[in-house]
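There are two complexes below, and they share subunit A, which is joined by subunit B in the first and by subunit C in the second.
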Partner chain A sequence: MFRIRFHGRGGQGMKTASRILGSAFFRAGYEVQDAPRYGAERRGAPIFAYVRADRKVINERGIIDHPDLVVVADDTLVGMPAAGVTQGMDAHTLMLINSHESAEVWSQRLNTEASILILAAREDVADRASLPYIGSRCAAAAAALCGVISREILIAAINDELAHLSTDVIERNCQIAQTAFDQMSDQSGLVKQGGSLSAADYIPPEWIDMPFEKAEVSNLAIHAGATSVKVRTGLWRTMRPVIDYDRCSGCTWICSTYCPDGCIDVRADGYPEIDYDHCKGCLVCVAQCPPHAIESIPEQTAREQESGEQT
Partner chain B sequence: MTAKLLTGNSAAAWGARLAPVDYIPAFPITPQTEIIEDLAFWVDRGELDARLVTLESEHSMITAAAAAASSGVRAFTATSSQGLLYGMEMIYTVSGWRTPFVLVNVSRGLASPITLESDHNDIMAARDSGFLQIHCATCQEIADGVLIAYRLAEHPEVRVPAIVNLDGFYLSFTREPVDLPDASKAAAFVGEYDPENLQFKGNTPLSQAMAVLGGGPYSYFRYETHLAVERALSIYDEVIEEFAATFGRRYDKIDAYCMDDADYVFIMLGSFSTKARDAVDSLRAAGNKIGLLRPRLFRPLPAALLRQWLRGRRAVAVIDQNISMGMGGILHSELATALYGIDKAPLLASYIGGLGGRDISQQEFFAIADELNLAYQQGAAPPVRLLYTRNEMTEMRKLQAIAQAEHAEIRQAEGKS
Partner chain C sequence: MSKQSPVHFHRMKDMPSTHLLGTGTPMCAGCGGLETLHTLYDILGEKTVFVNAAGCMTLLSVYPFTPFRGGWLYTSMGSAPAGAQGVRDALDILLQKKKLSAEEDVEVVVITGDGAAYGMGMSATSAAMDRNLDFIYLCYDNEGYGNTGQQYSAATPHAAITSTSKGSHGYPGYKKDLFAIWAAHNPAYVATVIAAEPLDLAKKIERLQSLSGPRMLISLAPCPTGWDYDPELSVEVGRLAVRTGVWPLKEYIDGEVRHTKIPKQRQPVEDYLRLQGRFRHLFEPQRDEAGIAEIQARVDAYWKRILEE
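And then the complex of A and B:
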């Protein structure tokens, strides 16, 4: 069975990528199961989707723990434990990352036995995560790496899954997908199908007996204020709002009031300040600011600028 | 006929479309909302000749579905979890009206704590209501199950509403190949809805929900509903024969896998049973004669058939994706009742697993099978086991440590102010 996981951020099209790959396998005569895993289904939040494909009926369900292929559309997710990108990866796994950095760097950084490939894009693309059509690129690259899906079937699957969109958009997706498919074609078949577990030789689950604990321990009390501070939702951001204080009129309330996450405070001097640990990058403030004093820049660019300033 | 990839939610919507339904009262809730979205899309495009109305709550939605069925139209609705509970007053009420319609429930754990993921405590809350219950394990079964549910619910000897249950996420958002029944064959199979004496019209006053004084009349109506639900056991067999003859797919009341020579048995409801199928294959390959039973029909419970399947087996693991606080697994209790006093009854072991979408691993099925072997050798069933690992407890302790640190911080801040 092929077991494939796609990791990305809400809005990058990982559900669509999994569906394109699922449809392609299905057209190629495979039994298929594909599903997205939602939680916080918001733009920028980490999400993943998965595909199983086999020659016989698929009884396995739920999250794939031992993937044959992990596709990462956004390399900033790799370091987030909650995104679970590296979960269950081992020497059998192939990992395909959309990144500026090299496979060697990722191998060292993750200290993994998994094989790593980089999803190629032009070097001058600054924010690779916001590359248009990233979903189709990922699906096409995955299809090529599995080695059992032809280019024609891939294109037919894209047409199946994007049928509700305009002809231009479908056409552009097909072109991008073909390029990604061709770029990976010399690695065709690199993904190896995993087997099933044997009941004759398995590691038993380490079950425990649930202890009784008094309500003061086992109730559900969580102090919202403190919890909100600790969960750094700023990691979801793909675009960063930046205040140009030369233009800011110091109105004292508009951006801070419209911020749906309460991430803009007004300082003692009457000017607003954005809490980047928690700003999710929804850009409502950018749209609301009357003198247009807030602009948005790709998060990646902002981080590179920051690290440049530090060195 | 060619299969296509559909989510469980889409398959449910297709079932309603193919029945076909006339009236769809709706209210959104995750993970069910896509069902209503699909139906609304078709109604909007004129592909489904039905009226879709958004109501202000599940309570009204269920009332509207039953009232519509009382006026002689075929009604369909869907909900999940807290929504089913919010409508629970009407779930119990409308079964007593003896109005047939189909409600799809997408199983999701109940608060508290609140979750979006699947478990069966929501559907179990409707267990004693008088609704029939069909539990699905695949997307194919969902589309087919809705058609079967209409036939069964509308049968003149049954005439109570039916719930078709599917698991959130594991089916609702998961695409699988589904062979959709041909529209004209499906419509012919379900047939025309005959409301008989239910002729609720604006110009013909009719009381559907009368009060009775005294337990005598009350007992009559309540027990008649019970008998009607029980009658669905034999009607189901007729309906399913016809379904198999028409569409080539057979849905016995209890799905039995590798049972002929099984010494040991897994028994469970819903989509996690397909995982158990894989485990049965692996265990058989390793020399363990184990099988799997999955009741499709849960209300009425095919108790006689369960006895037939289980008499003479060595040990049975009941895996409940639900929990009755203060008692344990509900299917386990029901099996114990069904098997009580029969000769050659198997040992019955109870496992609680898959609460709130928690996965059940293949290793866990293997370990359960090992425990059944041991139980047989020792002649006693093991104590109830929650499927919960040391790692999960460690993660839980980390969360608790954060909560406690926060609590201490806040206490300290309060002390200073």
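And then the complex of A and C:
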């Protein structure tokens, strides 16, 4: 059985990727399951989707714990524990990462026995308009790596799943998918199908047993206000707004008022400050600032600059 | 509730520069509804209790996290105003029994999406207005059932593509006039607002603070996820909704309807429609002249009526 997990951010098309791959397997004569799992169910937040495909009846259900192939559309998710990208990976797993960095860098960084392949990130990956196509690229690369899906079947599956979109969008997705499929074709069949799992091998999650308590003990009332600040929605961000204080006119209200999340407060000196722990990277502030004093840079670049400054 | 309005919003610089609503909510990046809510909360302050019907914003408070500094109550889609009645009654009883001082009293605020306000919650809202319930109601109207994937609602505009109106002409129906329906109940206050016009929003919030009884706000809530545009355009889309005349800003008070911002020279509606993927079929693959002209004609007819009055 093929067990494949796609990891990405809401809006990058991982659900679509799993549906395209699922449809392709189905057209190739497989029994298929494909399903998305949302966390925050919001654009930018980590999500994953999974596909099971087998020639026989599939009796497994639920999340894939032992993936044969893990496809990562957004490499910033790998280091995020909540995204669970590396969960259940072992020596037989193949990991495909959409990244500017090399397989060696990722192997070292993750200290994993899994094989790692790179789906070379396009130079314009910072261009958010290209994001919708990542789903088709990932599905096509996965199809090639499984080695049982032909180019024609893949294209037919894309046409099935994107039928509601305009013809030029479908055409563009097909082109991008074909390029990715060809890029991976010399690695065709690299994904090793995992054996059947028995209930006896099931490793339960590391749950902590909680003794039964009276309601007032086990169901705590929250007395503190604004506890949502504990949730670091800054992790959703792919682009970071940065204020150029030389250009900021100190209007004291525009970015602060329009920021939907209230992540920009005006300091005592009259200049705004962005709370990067929570800024989701919508970039409304960039679009609204009259003197264009806020620019957006890829989050990855911003983090590299920060770590460079620290060392 | 003691009625007072300590701040006066005359110019943009009077807008709050620090914010009360906690960050870290699960609302989408660029959420136009959250933009309205944070301004409402900045101005109303901590002495509030929110009654939230099921919808996107139910996710604001997922135990143990909440962006509010006070109470929050979750109700089913149809019954938020009924929940507000219960909370208001409980507060009034405590006040009467002197178990709560006037200073400790709080304002009861209902928040619902358009699915609840324009549809399922209509009878509970109507009944709350009949009983002259002292509460504030904010409807964040993103013109569809956004939390479940943007199915059409009674607030969906004509021709919009939603996940349940995917045909080549989009949603065949027309947006319900909730302002008129609410105003017909003669409540203390009804207004349409939008976060892209913050001063108009702030003035209206200030006005409703000085009143008691049912005080109703309908905020158009540009929705990057459901309307299909880049999140950074949220304010631009909202502003164009006003400048094209698609979303008239108005208020109902003392039996009169007054328009608070009349666009001097209305931009063509296509400036607004063109930015949104849900209307893309009006422009691609070929321009649907008749479709665009129909939407323009309806907006023109509205303003002709208003300006002649």
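We adopt the following convention: the second predicted complex is superposed on the first by the 254 of 311 C-alpha atoms of A that agree within 3 Å, B and C clash if a C-alpha of one lies under 4 Å from a C-alpha of the other, contacts with A are read in each partner's own complex, and residues count from 1 in each chain.
Operating definition for what follows: contacts are C-beta pairs under 8 Å (C-beta built on N, C-alpha and C of every residue); 3 or more make two chains touch, one makes a residue touch a chain.
Nothing here was measured: the structure is a model prediction, and the numbers come from that model.
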Which superposed partner A:K230 touches (first subunit B, second subunit C, both, neither): both
Which superposed partner A:I222 touches (first subunit B, second subunit C, both, neither): both
Contacts of A:V105 with subunit B and subunit C, given as first, second, both or neither: neither
Partner chain(s) touched by A:I63 [first = subunit B, second = subunit C, both, neither]: first
Touching partner for A:I208 - first (subunit B), second (subunit C), both, neither: first
Touching partner for A:K280 - first (subunit B), second (subunit C), both, neither: second
Touched partner set for A:A120, first subunit B, second subunit C, both or neither: neither
Shared subunit A contacts, counted only where both subunit B and subunit C touch the same residue: 220, 222, 225-227, 230
Residue ranges of subunit B in contact with subunit A within the complex: 5, 7, 112-113, 116, 169-170, 173-177, 271-272, 274-275, 277-279, 281-283, 285-288, 359, 361-364, 366-367, 369-370, 385-391, 393, 400, 402-403, 406-407, 409-410
Touching residues (chain side subunit C, partner subunit A) in the complex: 12-13, 15-32, 34-35, 38-39, 42, 46, 59-61, 63-70, 166, 195-196, 198, 224-225, 230-236, 280, 284-285
Partner subunit B, residues of subunit A touching it in the complex: 19, 22-23, 26, 31-39, 58-63, 65, 196-200, 202-208, 210, 217, 220-223, 225-227, 230
Complex interface listing, subunit A residues touching subunit C: 11, 40-45, 128-129, 164, 166-168, 220, 222, 225-233, 236-237, 251-254, 256-263, 265-266, 275, 277-278, 280-284, 286-288
